[in-house]
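In the two complexes below, subunit A is the common chain; its partner is subunit B in one and subunit C in the other.
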Partner chain A sequence: MSSVAAAPSARSGVPSFLTWRALTILVTASAVLGPLSLIFYQSFLTAPFFDPTKTVGIGAYQFIFADSDFWHALKNSVLIAAGMTVIAVPLGSLLAFVMERTDLPGKRWFEPLILVPSFVSPMVLSFGFVVAAGPVGFYTVWSQDLFGIAPWGINSLLAMTVIAGLTHVPNVYVYASAALKSLGSDVEEAARSAGASPFRVAISVSLPLIMPSMLFAAVLVFFLGFELFGLPLVLGDPEGILVLSTYLYKLTNKLGTPSYHLMAAVAICIVAITFPLVLLQRKLLQGARKYATIKGKAGRMKELPLGKWTWLALALLVFYLFVTVIVPVSGITLRAFVTNWGFGVNLFDAFTLDSFRAVFEETTHKRAIINTILIGTVGGALTVACYTAIGFATHRRDDGWSRFVDYLVLVPRAVPGLLAGLAFLWVFLFFPPLTPLRTTIFSMWIAYTVVWLAYGMRLISSSLMQVSPELEEAARSVGAGRGTISRQITLPLIRPGLIGSWLLVFMIFEREYSTGVYLLAPGTEVIGAQLVSLWQGGAIDIVAALSLINIVLVGIGLAIALRLGVKLRD
Partner chain B sequence: MKTWLKTAIGALALVPAAAIAQVPAGYPADYAQTIAAAKKEGKVVIYSALDTKAASPLIKDFSALYPDVKVEYNDMNSTELYNRFIAEVASGQGSADVMWSSAMDLQVKLVDDGQALAYKSPEVAKLPGWSVYKNQAYGTTYEPAVFIYNKRLVSADEVPADHAAFAKLINTKVDKFKGKVTTYDIEKSGVGFMFVVQDTKYFPAMKDIEKGFGATSYRVYSSTGNMLEKVSSGEHLLGYNVLGSYALVRAKKDPNLGVQLPKDYTLVLSRVMFIGKSAKNPNAAKLWVDYILSQRGQKLIGSDVELFSIRDDVDAEYTAAKLNKQMGGTVKPIPVSAEITQMLDSKKRLEFLGAWKAAVAAGGAK
Partner chain C sequence: MAAELTVENLHLTYGDNPILKGVSMQLNQGEVVSLLGPSGSGKTTLLRAVAGLEVPHKGTIKIGDKVIFDGASGLDVPAEARNLGLVFQSYALWPHKTVADNVAFGLKLRKIPAAEIATRVKKALEELSLGHLMQRYPHQLSGGQQQRVAIARALVYNPPVILMDEPLSNLDAKLREEARAWLRELIVEMQLSALVVTHDQSESLAMSDRILLLNNGVIEQQGTPQEMYNVPQTLFTADFMGSNNRLVGKIAQLQDGKALLEGEGWKLWGRARPSAKSGAQGTGMIRLERVKVAQGPGENRVQPELTTSMFLGDKWEHIFHLGETLLRAHSATPLERGKHWVELPREDLWVF
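Now for the complex of A and B:
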């Protein structure tokens, strides 16, 4: 680092590009590695790191490896992750095929709807499933009244896997459809003219051609399976079905007093599983891009006529949307407006606006709403600015530092948001320059920005890659320095991409919940983390009302994004 | 002219407020200095496990009594309360002036760890002996642990009257109650854990209840609110060791919810309050603690706040005296004492949890 920082500064007196670059890399590295190393250090202690009685040792690891709950949680995490991959990959790829390659009517309207589950907080979705399809959910009661049975349950390991699988379909969909887009339609037409059905075309021709992208998506979904928190917390905890993240959360209180060392040890175990997966993803993504470029013929796109298969494709789509969007969202909406629910309760008698009144009467909830809006809008803009700065620090520079940053931004991806939040809390408590910020929304913002670094950097770098190098070289040939090129050439060119990134970051920040769980304090309230805390406390009326408000916020972001024609994926 | 009039009226209106902030009757004369110092401090920071909405009558009344002391009331769950307090104290940034929590054991532990300010409240003579610890920590409420049930789906003759009946019910009507019995997740809830530790003291056949939990594949939550919601909706039918203060309040408005106080013995929890040793506003904190323990504060606790007043000389809807009379001497308050911290020893705690799980598993295997 020092050799870069010592580089001569520019003649004009303003800090040179190299100084800026070194500073950006330094700040990023400390924001990412500081909290992580704190977790690592904490996992090798016997008490909280600020406790004078602590000693160094591997007792924490010994404890969790001897705890049958840990193995139970690990097994469930693997099962759920594998199960949801098996569900999400085929379904997501098929939906992508139908949307990209066929003449299905109303595609333009369906596409944003397909992506909705990825923008709604999992905490909200899970809660929606409980009130809609739980043992006494609205749909369950209706089904029992109408048909005498309600042949589903949502609290088993299988049900959780299915729900997780379905709600992760968008993650597969975006990669599969991007790959399909770059595929010429000539091969499909050939298969079609040889008499293959559209389904046959998908299975035997189109999808095999995008295998690398599907493989990437499969690794991504499998990885996301280890990060699940809201879903198992809401659906699995009451039954004692633990996964790694909820096991970690349970350790907060298991010993009566805080067992940070145990939590840190579990976190390190999770990272040991997820970080290799993140690296694998990176490798696969590079492979997929290479593969797609070779394939990328500028072929004329022709939509495949579905014919009699139209109805089947529509049914599949509507079923998917019904289960993942309509059921939970309608459940929450109903619950927010009734006092009590269940068997024998007439919903019209129970109608009330009290939940919303309660939300708007209490300062903490009002502050949570305002903070959530602020962190998405103002915070989102600042975040995009930070990501852009990092993007410029590595843009068109293929040296060791760029590669270092490339890997660096992937690191937070592997750390569960729950623990990243806890590590940031420690940093804000014990790192003096930052302590005044602890009880402000700023602490939440920093944590969010670091946690979503990998996602955001993908958005920014895909914008940067679209700028053709000739434009920058032209500026250079007339004597412009790197800083000037960045400010006057590249930045204006990527402005539309940045606005799109801002909107996507807005939606991601509205949705985020686990990172804030431990950072939640008077002043830092955000809806996502507040929901976890209120759910634990059993204030269900408030949870429903705040969830609905959260959905509305995300909906506004989505509507603006669609209006501006922002691509909802990178 | 009008402005002048307004100012005059405003000034006059302030007079009674100033008059209220006098030394309460029966307090030592030098209490005036505490009040004056508290005014100078200007605020009191409270960390509490009781949510803001429930505490708001107390905050409003306190503010009326001491308009110069602003109440900064922060609610969080009892574990977080403890974690935040020790971390903040360790970081030297200062923490809450007043800690108020239902996790009685953690509160007592903090006192034993030297985190509390020694302060003998002038109200101490009016409090039951078991609720005062080292003149540092004070029990403030009298909240029974109760059974709850769904009135639509559990018939009157099924409602268990005592612990033995509860054990019998869930061990015999296994089919009806499969997946429909709920209690605290004792690994997550310190309060739930404390209750069952006390249960083993008073109810020798506690193992039968644990086995019944296993037989019916019981469901666990970390808070009373969840249990109330699930039993009210009919998703579950029976709740065990639910905080009666919350349950009775909801039962008044909710026709689905029934509450039963166990007749053999009823455990009582008392929210423990103390002043932080490194409190930045110790005098304002003293005013708050004394106010909560005073007749005026306790009257609100027994009425609007609905947590049961701990004092015998308070007449309100919910009081210790009424509860004791109703239950005829079977009420067992958990004492604010060093005894309750024993189970914070991680080895003992894990042993207890292990035995609990084994008993539940044995019940489930049948």
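Now for the complex of A and C:
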């Protein structure tokens, strides 16, 4: 050890970490708050913002509050949100218990299936229910052939609530199973040796112990109830059952003119309901984490033998999967390949590829498929890069800016995709410099990126949290500045996590539909938004074919994710 | 000898919880100083404050003549510019870099030419007998090898002071004793100035030139290992530095630095420590190895009852009952159960 080396000095010329950090936070803040403030501003105008006759006033609110349809929609939204919570929370928790704590055979194969409804577009699933179990759906027709009756309907408020509840079971499942994982199995074994059946153990011991997580999941599902759009559009709209989001969507047609001020007022009403729920969730999550660390005696984990209850648990699981996955997906698949069905029709004779031919003959559909793939792959990678940049801006920095970003990323959660898309449409119209981007896929991408900010940041920060602080401190002590540490130590270490995040973002971008509804234009077509538009136009064959293509795209992502061992949940 | 590291009146608080309450210390050139103390005493926090990873709110820290932290003027040189070597308890080797890259990183940051980096990394690793492992990744190394890589990484850019946080605690017991000897030899040979955090008193005795015993955020006592072990100034130091017998009684007499401690059925003379007061409650402390089993009555001898003996391999340990008090002592040979004479030499019994 001869010559003494001096401590490295900061390089001049390269923008410092702090400049870069400030810039990241600034860009994030404008991307999140800009569109939202535009909605807010628009809601207090008496006409669209581009209308020269507009004045400031509360006329828009007066109009919608006087509209009986608004109150009808609000009531339905509350009923569905409450109903689906009541269905999803017990079912999701019970499934989590069975999957996490018992020796049910084949668990490894069931888990991705349970999560399927959270990866398939609700628009696609709803469409699947219509073609499978609607008045002339496959299963309805078969049931009538076999038993003479088909004792269900899918177009009532009750049916919508049940379907919404079942398709939101995964949301409860992920939180309940994460909490159950951190629970020591000794408490269950104690109950078991005291004479409790597995079902009894779940009801009296395990599930009460994860109450905080279940409460969190309940608030989450209730909140998602206000975001529902595809399901009420496909199932409720034909019967005139409106919810807040479909009411907003239908407003455009109501007056014949662009009624942006009314839409903005409804949007603000929705955010006024969802934002407090998001804050409540955040509070509950902190509480749940605290609880988990107190109760968590992870380490020794023994599966509870189900014994004769195995069949009941399997039956519950298979029934759930049949109704929420098999029925809609098989419905769509059949519908995409057959011309007609019903009594006496052999499905093999009715086989056709016409729907797909129709899809590939139309430029817009082809473009929709290409755009959807691009936005998931290239766009998804860029999105993960953006989220990572934001993650680094707050990583291991506990100051006012980090707390600001913490809340900032929560904001888009409270804004349903439909509203966010609308807000971005207005941003592109409102700011002339951005207008040329309006008809490019970039407009979709930025909206998607902002809408999924909270979800993405959770993925990134869970990767970042896994990097031991000592690895970064070690780099500091040998002389590395924050920028160098981020690039040379932290980033390489979280690379596997980022690849996993990219796959998950790919899947949600393939699935996304509501954000694109208002941004849909020649050049920006994506399958999700295209489906909404085609469904409105009644092009059922094309909808079926595109839906199937959409499922296949998500399926490819899911297959790669499973192959790489990406955790589908945190 | 020039002071390489000077800490003056350092205060540090987490929230409302004071961790360091005015710590001052010096580390001289070529010296090994241990920060010793129970968990929560603030020893790791002090080390991290010196490294720049914790921010004190009062006091100063100097490296040589250069002030790197000054609470009064708000000066706080960031960790990366302090040019110190830091060895983590967990070693904190970067798992995505090879051994050579781990060691080279600090040199790259110092803009040293690639050829020189290669020779210095090779030399540093060879000095630590790691030359053949340069292209391995950390997970392919044993615990002892990882520890040496961590040390090489901290030494390669010749920092004036090397800081080590519990460098041996991640090794298993047998390896730890070998590594202790190896590390002490390395530090002496390379004339390093090292500040070492440890919670293990035998480790600190063996490795350091000076020990700083921390208790509750303040320095309880500091001195050479011999002073710390043989001349403890406080009960806490006496208790922490070795295995002890503790006798509680009343101080009946105090004269010429000697104290007479009286308990139920026994009277013993010992060396009075500063806190001893005549007529007050007193605590007698004597190292286990200083208690002698005697053949008959005599000065400073008591006659307790032997109840249990344990074979430790190289010696026996005996447990005696003196009324309510337990006395533990060693002997080379086994003893019969029953009453024995035991001597607690007056120069080895401290009275606090």
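Keep in mind that, in the parts below, the second predicted complex is superposed on the first by the 546 of 570 C-alpha atoms of A that agree within 3 Å, B and C clash if a C-alpha of one lies under 4 Å from a C-alpha of the other, contacts with A are read in each partner's own complex, and residues count from 1 in each chain.
We take it that a residue touches a chain if its C-beta (ideal position, glycine included) is under 8 Å from a C-beta of that chain, and two chains touch if they have at least 3 such contacts.
As the structure is a prediction and not an experimental result, all values here were calculated from the model.
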| message | One more residue to check, A:195. First (subunit B), second (subunit C), both or neither? | response | neither
### Message
Touch test for A:400: subunit B only (first), subunit C only (second), both, or neither?
### Response
neither
- Task: Could you look at A:538 and tell me whether it touches subunit B, subunit C, both or neither (first, second, both, neither)?
- Result: first
Which of subunit B and subunit C A:489 touches, first, second, both or neither: second
Next on the checklist: Looking at A:476 after the superposition, I want to know if it touches subunit B, subunit C, both of them or none. Which is it: first, second, both, neither?
Outcome noted: second
| query | In the superposed arrangement, which partner chain does A:468 touch: subunit B (first), subunit C (second), both, or neither? | reply | second
Between subunit B and subunit C, the one with more contact residues on subunit A is chain B
- [ ] Have a look at where A:148 lands relative to subunit B and subunit C in the superposition and call it first, second, both or neither.
- [x] neither
Per the touch rule above, subunit A residues touching subunit C in the complex are 1-10, 468, 470-471, 473-481, 484, 488-489, 492-493
Subunit A partner, complex, touching residues on subunit C are 51-53, 78-86, 88, 90, 92-96, 105-107, 109-112, 120, 123-124, 153-158, 163, 190
Per the touch rule, the subunit A residues reaching subunit B in their complex are 48, 50-51, 134-136, 237-240, 250, 252-259, 339-345, 358, 361-364, 425-426, 429-430, 435, 438, 520-522, 533, 535-540
Listed in rising order, subunit B residues that touch subunit A in their complex are 51-53, 72, 74-77, 79, 82-84, 86-88, 90-91, 93, 105-106, 109, 152-153, 179, 182, 185, 187-190, 193, 217, 219-229, 232-235, 253-254, 256, 343-344, 346, 349-350, 353
